[in-house]
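Here the chain labels run A, B, C and D in written order, and each chain numbers its own residues starting at 1.
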Amino acid sequence: MNDLAKLEGKPRCHCGVFGIYGHPEASVMTFYGLHALQHRGQEAAGIVSSEWLPEKKRFRFNIHKGNGLVTDVFRDGTVLRNMLKGKSAIGHNRYSTTGSADNKSNVQPFVVNYKGGNLALAHNGNLTNYRRLRSELQNSGTIFQSTSDSEIILHLTARSSKPTQIEQIQEALDAVEGAYSLVVLTDTALIAARDPYGFRPLCIGKLNGSFIVASETCAFDIIGAEYIRDVLPGETIVIDDDTLRSGQFHSIWAARKPEHPRHCIFEYIYFSRPDSRVFGESVDKVRRKLGKLLSEEDPITPEAEDDKVVVINVPDSSNTATLGYVRASNKRGLNVKMELGLIRNHYVGRTFIQPEQGNRELKVKTKFNTVKGVLKGRKVVVVDDSIVRGTTSKQLVKLIREAEPEEVHFRVSSPPIRFPCYYGMDFPSREELIANQCNGDVEAIGRELGVDSLAYLSLERLLEAAPSEDGRQYCTACFTGKYPIPIDSEGSKNENDA
Amino acid sequence: MNDLAKLEGKPRCHCGVFGIYGHPEASVMTFYGLHALQHRGQEAAGIVSSEWLPEKKRFRFNIHKGNGLVTDVFRDGTVLRNMLKGKSAIGHNRYSTTGSADNKSNVQPFVVNYKGGNLALAHNGNLTNYRRLRSELQNSGTIFQSTSDSEIILHLTARSSKPTQIEQIQEALDAVEGAYSLVVLTDTALIAARDPYGFRPLCIGKLNGSFIVASETCAFDIIGAEYIRDVLPGETIVIDDDTLRSGQFHSIWAARKPEHPRHCIFEYIYFSRPDSRVFGESVDKVRRKLGKLLSEEDPITPEAEDDKVVVINVPDSSNTATLGYVRASNKRGLNVKMELGLIRNHYVGRTFIQPEQGNRELKVKTKFNTVKGVLKGRKVVVVDDSIVRGTTSKQLVKLIREAEPEEVHFRVSSPPIRFPCYYGMDFPSREELIANQCNGDVEAIGRELGVDSLAYLSLERLLEAAPSEDGRQYCTACFTGKYPIPIDSEGSKNENDA
Amino acid sequence: MNDLAKLEGKPRCHCGVFGIYGHPEASVMTFYGLHALQHRGQEAAGIVSSEWLPEKKRFRFNIHKGNGLVTDVFRDGTVLRNMLKGKSAIGHNRYSTTGSADNKSNVQPFVVNYKGGNLALAHNGNLTNYRRLRSELQNSGTIFQSTSDSEIILHLTARSSKPTQIEQIQEALDAVEGAYSLVVLTDTALIAARDPYGFRPLCIGKLNGSFIVASETCAFDIIGAEYIRDVLPGETIVIDDDTLRSGQFHSIWAARKPEHPRHCIFEYIYFSRPDSRVFGESVDKVRRKLGKLLSEEDPITPEAEDDKVVVINVPDSSNTATLGYVRASNKRGLNVKMELGLIRNHYVGRTFIQPEQGNRELKVKTKFNTVKGVLKGRKVVVVDDSIVRGTTSKQLVKLIREAEPEEVHFRVSSPPIRFPCYYGMDFPSREELIANQCNGDVEAIGRELGVDSLAYLSLERLLEAAPSEDGRQYCTACFTGKYPIPIDSEGSKNENDA
Amino acid sequence: MNDLAKLEGKPRCHCGVFGIYGHPEASVMTFYGLHALQHRGQEAAGIVSSEWLPEKKRFRFNIHKGNGLVTDVFRDGTVLRNMLKGKSAIGHNRYSTTGSADNKSNVQPFVVNYKGGNLALAHNGNLTNYRRLRSELQNSGTIFQSTSDSEIILHLTARSSKPTQIEQIQEALDAVEGAYSLVVLTDTALIAARDPYGFRPLCIGKLNGSFIVASETCAFDIIGAEYIRDVLPGETIVIDDDTLRSGQFHSIWAARKPEHPRHCIFEYIYFSRPDSRVFGESVDKVRRKLGKLLSEEDPITPEAEDDKVVVINVPDSSNTATLGYVRASNKRGLNVKMELGLIRNHYVGRTFIQPEQGNRELKVKTKFNTVKGVLKGRKVVVVDDSIVRGTTSKQLVKLIREAEPEEVHFRVSSPPIRFPCYYGMDFPSREELIANQCNGDVEAIGRELGVDSLAYLSLERLLEAAPSEDGRQYCTACFTGKYPIPIDSEGSKNENDA
């Protein structure tokens, strides 16, 4: 069992969310929105629509969820038109909790019927006080259906004594801590909320008078919607019957408002699509700058400034940074060539069969192959976006060496990853991070990878690349260990994440 | 229903073939070989292995075929180890004949048991005297199970009065005309054959003493096999117990040997993977040259030589040609920038749901999105590899226009396609080809696409890019209408292709 | 969509339950127990096992549920051995709530994790104060996952402040009213409980030291277990580590203990298998007596006492009653012959395709055919167990008429059904009951069915057939409208039942 | 893996066939016909319809086949209406060749396109010169797709040089020997043929002007069709455009016409449904007579003529014979009671999980349970239709013994089975037949079964029960070893049957 991100040795993002209110084909739009957000979670998907039943004079929530890509889960497209009727819908992509006995109950959106009516919820992020809240709720008689932290929000909402659904949800959000970008569908509204630190992105768009909320703007582009603005950190917005209201719901947060937001800078480095705009800036632009700064900070040495130097990307995740790196290098007077030295096979499925004998590199070879002619005898500079465990990078280097380059140099457009993430990225344990195994000794890491030289982008330059007045508005905990929100002593991760 | 190649508006290749003899994990190797050849046919796949049953003292042919990608058909990987046992195997990827009532019977490899023993066949290409032969065979009492031209070869083999399987197959090949790159598995040998014109590629490789045959060398790379040479046009090779024999089987062909081979030049333009070597040359190298010649032949006009010019690829099919184009342009003193202006979503599945209202570009948008920042206000040069119907190109141009460039120029690294292919490419009918609709008037085509300028690579330059002494060793019928083999008067295409 | 019971025009029973504690193959035994109880619910099935994880020092509840027959849901038998490990298990058969958007969430057993640990529940019956309790729980913040009344018991248990699971469950049962025969699996025990009226059966068995609980004794026979006794009305028993404790838990019920139990007499008439023992008596014996009393009460008229009279059963539901009827008739000096005039096709699946033209009797013909030779020219007495809507009986009579009998007489071994059931049988609405449509006028019903004569068993004789001192220990509400438990004013049925 | 017939320890019939010509809902009628014939083959089913395509001015043969019951294969009922369009159709039920690597290719009807047009074939029976013909055909270049003997007929038809399809088929039938009841669909006709010995039944019916052919008349009853007559042994009938022609096609057979037909008497004993008419007689009537003669021939001994004697059937296969047995016994002055001592669970699926410990009788218990009250302390006479291996009978006796009868006597309404069948029944090998193991010593068989006495019906009486002038018109080879057609020296069974 392997998933695409794992194959690449990349951290996995928890999810992508999408919501639309007041569109005649709400679920079809949600399907395409999720399709555009597929990179944020490839292992389960679901859509919930709210349909008015005139004869019963009430709304019915229709739901379809399953494991697999969006196009797998909705392989029978008639489900969208025939079953997921209604003018409002929300959807969710996630990485699955495969192997867990109750995994299906963790697929979002979650739907419940409670005293306030219907409620569906899709959540991107991770709650840090999850264990404490779950324990408290269980002690007062609550039954949990899943092992997902997101379920907490539903129970807190249902237990709220506030009169309206929106106030109930707001009361629930006042109790949770951590990272959340939420879309919630009720009988009468689409609600979107983002935690006060704004860890995960959440954008507002509009399509012919219908408001939309999505993790990234690429979900607007696919359906021709226009980007309006981001949901602000700590903001809850309520969309109903073509109006969008904000602000008035924040009581407690006004008091505990953080000085700075803490956007996940990894969204710029790897997660988000380059054609998206997140945290108010084009990802392509930031990623290009990462490449540029990487080149400036760790310039190719003079002796390498000969014809033999070729710079190659790791398709598709480092395409943009590589372009930035090459252009900056040449601007500095070097004459390096960008080459397409690695070809990626995009038809990668879930089956991986390890041959019984030999050929240990097969796993990376199902995804990448080299163009031998452009590597042979060259000094190859590989630009990648990040290194997590290092196992994939190591195999990639081995693959490149088979094409007989003279040298292999590895450049990474982010700093060494040394700490786990508690806000919604799925890193392996600290012990598995190669940067930790080598105690941050870059040379040692380079030896482990088998490269002639290795260089990472520094934290200072990373923060320089992202739009910011003073660089303090990003969470960099995975590089620095400085966590904006203290972690629940009982541990903050879901059981399934452990 | 749509398939990937169709979504791109590209011609579809009929198939990819793979065979291996004498390897302890023959079917696992075939699985990975087919995986590397997935781009040659995405809609059905199959593997046949030959297993020695010691207690029965005979070989059993095991078979597993299905619709979908290789990784879908072999989603249950245990099939390879538990069912497809044996030391020899062949495999096939194909485009499906969806909608045909008997489509499953067309999925290859075909397996039969006849007087000579077991026989499995995988075929890439198209027979031009198919209808006449089928009619003759039917008249003499033959029953056909499929509508595939490949079945002909099996019946001719079964009806041969020659004493050995190899001679029987050879007799069958003496009777057929057209394009074929074949792998055949018998109880005692793996046979590979290529038609005298060598339309489709077929390469020989070796892995630890086991011979391999595959459509492209990328299938060798994935399993760590080494490339030996191509099967020659008109050659039949027989691999058994670690020896590879060639040559002696050609009787009739010696007489009708063509003066030149006629390799399909579209393999270089679009079909083959850039990391493959076909017809003796690296595809990457030829494709880079196509871009270079395209730039030289149709240089960007002086007024465009300003900062505003950006050159973008259509990922991933024109990546290499675009790189060649940009580099050649800059060498000529221009200062154009390559940009990643189009982002491709690789998670494209089979479901396409057309919204009831508006948004006609959705189909192309499920696959591509623009990076607006790099296109806005620019003079955009789009480099693509070919234009068939023009509908996808038109929608792509529309998508690019939404990013508000100042101008859009379209450059194509091959000549206008004006004629159908009878040798294994799946073009639409002549009437649907945009170059025909516009009578070859390039300006008219450009107006139809909505671009500010359009230019194609000339045929002369195309032939210059491909390795050749005199340019006469390629089939260019789709550009010129000059068919190397006359077409069966009854028509040469299968019913299902119509 | 049709189910077997519906095809027969019979009321449907809600479910069958099974539980076993301390057996090395607990889930395999549960599978066979459910298989024997298949007639109690054919549309969904599930098993939950409790497995001790030594390395984690806790129990894990494994669950497998699905729509269809037990043999469909567990078609992959390895699920039992590989997944449903553990020494204790419970299982449930039910009729599905097809068409309901959330039907899957209604398939039992329900499993939850709450403060007290794991809990799985399987319920046969119907709670009459369901709506009130649900409303109260929702108002205090409870979220419901299903529309099943059984879920109430879980929430009440989770909210109990009692210290032990058993006391918590008992507190929950003190709050609910209606019909319930329950099996509950906790981490440390198997609990079985039956409502104070004992509407539905629940028996205790033993297999090599492992206690078993099941709806009917036929579930013991299949696995070779021995019948011990019934769970008493109002009793809760706790089985753990080979001991079985009873009694001490009833606090409230001691006060509201009903004077008499109210066993569902329909279990004898139709629901239970004739080879089972329920309510302390062999079903075969009671059913035989029903036939006998039917004959005595409504003797065949003298003019019919000739050779022409044949008595036929409706296989298999009236087999036993017919035998009793025939034997009693002949004992009274008549000379009637039992014949197998109707042949039943047992391969009935879920597909029913109504032809567009004619042949309205096809539905009944997929299940029954006549043996023409034994009916032609005869005076046919059809013995059936009950008539609900009358539509199936009508078509059956039509089918019999096609075999050209001289006369058709219909005898029913129970009284006319005129009232809905609120305790676990799935009758149609009152308006659909043929006995209501005809205001109880038996002659009118007979005309509607198209028979020459019709007779029902009287209520007095029905009660005489069932073992009882005074006939007061049965619920006969469906015949009399006298409901032992008042019905919740809001209505007592689940939404899905409406 | 087990099938229903195997569970019962009965021989399995090869198949049931059905064909209809000129009905607007031909495939729906065929579905119901196959449903009625389900008992003749439960493991695979298929329907082929012939649809006129007005725009293409030709017929298309639509086909849907699969493993499982008819209702499983056509679970999606829309297949019948949307895909299997057309006014003519044929269908087939068969027992599968599970475990065979190429089993799917053996599912009928077979469909081919040959010089004469489309041809679909459904075959019930077994060809005795199969191996010789196959070998001859292969030697002349024929390729076989299946291991089924039925495929021979297709190739012989395709190779015929006769001008019309009907003559071609007739020529093919002139070459084959053995048992066959065939329905063949061509572009312009429905053809039915039966071998000269008439081993297997084949009946002609009519529904509103459309002719129908089916294995048994129960297939007519379900759709309201009327029985016309049987296809005669050696007859070929051609149905086209509302006419039915017969006779003129027999050239060779006129010469080799057998003196007597040789109907399979097992159709009366077990295969056919009691509500069917086969070989011109009601099965119910013959089967009743078998019971009567069994009683007369082997009367219950005087000391058994007390109240304690109960006679029980093995539901449902011996229901009719048991009724005949009881009635005859009582006519002879005995006073035995028929009881329903065995209850059969009809929800038997394909999963059988053998518990690891004990309980060896579980297999029979998934199908049968006893009604203890009617067996305890009684002298039980079990009437069954046949004994093959004896293993099931043995377990059944054990099950009955658990109910504590005083004695168990076994009566079989057919003679001991001692020889394999080469004409379409699937018996185990001779060695596995219990009657052979015990050398025909009935007492020894009885000891093996564990009964107090055992008696079989004699061959003379068996022939007396079936309608015949002189008893010579039945095949009794399985009892006597006298085979009407000599068996191919190479063996006559398909490989898959071995």
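FYI, contacts are C-beta pairs under 8 Å (C-beta built on N, C-alpha and C of every residue); 3 or more make two chains touch, one makes a residue touch a chain.
Just so it is clear, the structure is predicted and the values come from calculations on it, not from any experiment.
S.K.: Among the remaining chains, which ones contact both chain B and chain D?
M.R.: Common contact partners of chain B and chain D, which must touch each of the two, are absent.
S.K.: Using only Cα atoms to place each chain's centre, name the chain farthest from chain A.
M.R.: Of all chains, D has its centre farthest from that of chain A.
S.K.: Need the CA-centroid distance for the pair chain A / chain C, whole Å please.
M.R.: Inter-chain centre distance comes to 51 Å.
S.K.: If you average the Cα atoms of chain A and of chain D to get two centres, how far apart are those centres in Å?
M.R.: 62
S.K.: If you average the CA atoms of chain A and of chain B, how far apart do the two points sit, in angstrom?
M.R.: Between these chains, centre-to-centre, one finds 36 Å.
S.K.: Residues of chain B that contact two or more other chains, please.
M.R.: There are none in chain B.
S.K.: All pairs of touching chains?
M.R.: A-B, A-C, B-D, C-D
S.K.: Touching residues of chain B toward chain D in the complex: what are they?
M.R.: These residues of chain B touch chain D: 60, 62-63, 101-102, 112-115, 138-145, 154-155, 158-160.
S.K.: Hey, which residues of chain A end up touching chain B in the complex?
M.R.: Those residues of chain A that touch chain B are 24-25, 28-29, 31-32, 35-36, 38-39, 42, 69-72, 74-77, 80-81, 218, 221-224, 273-275, 282, 284-285, 315-316, 319-320, 323, 327, 337-340, 343-353, 355-359, 361-362, 365-366, 369-374.
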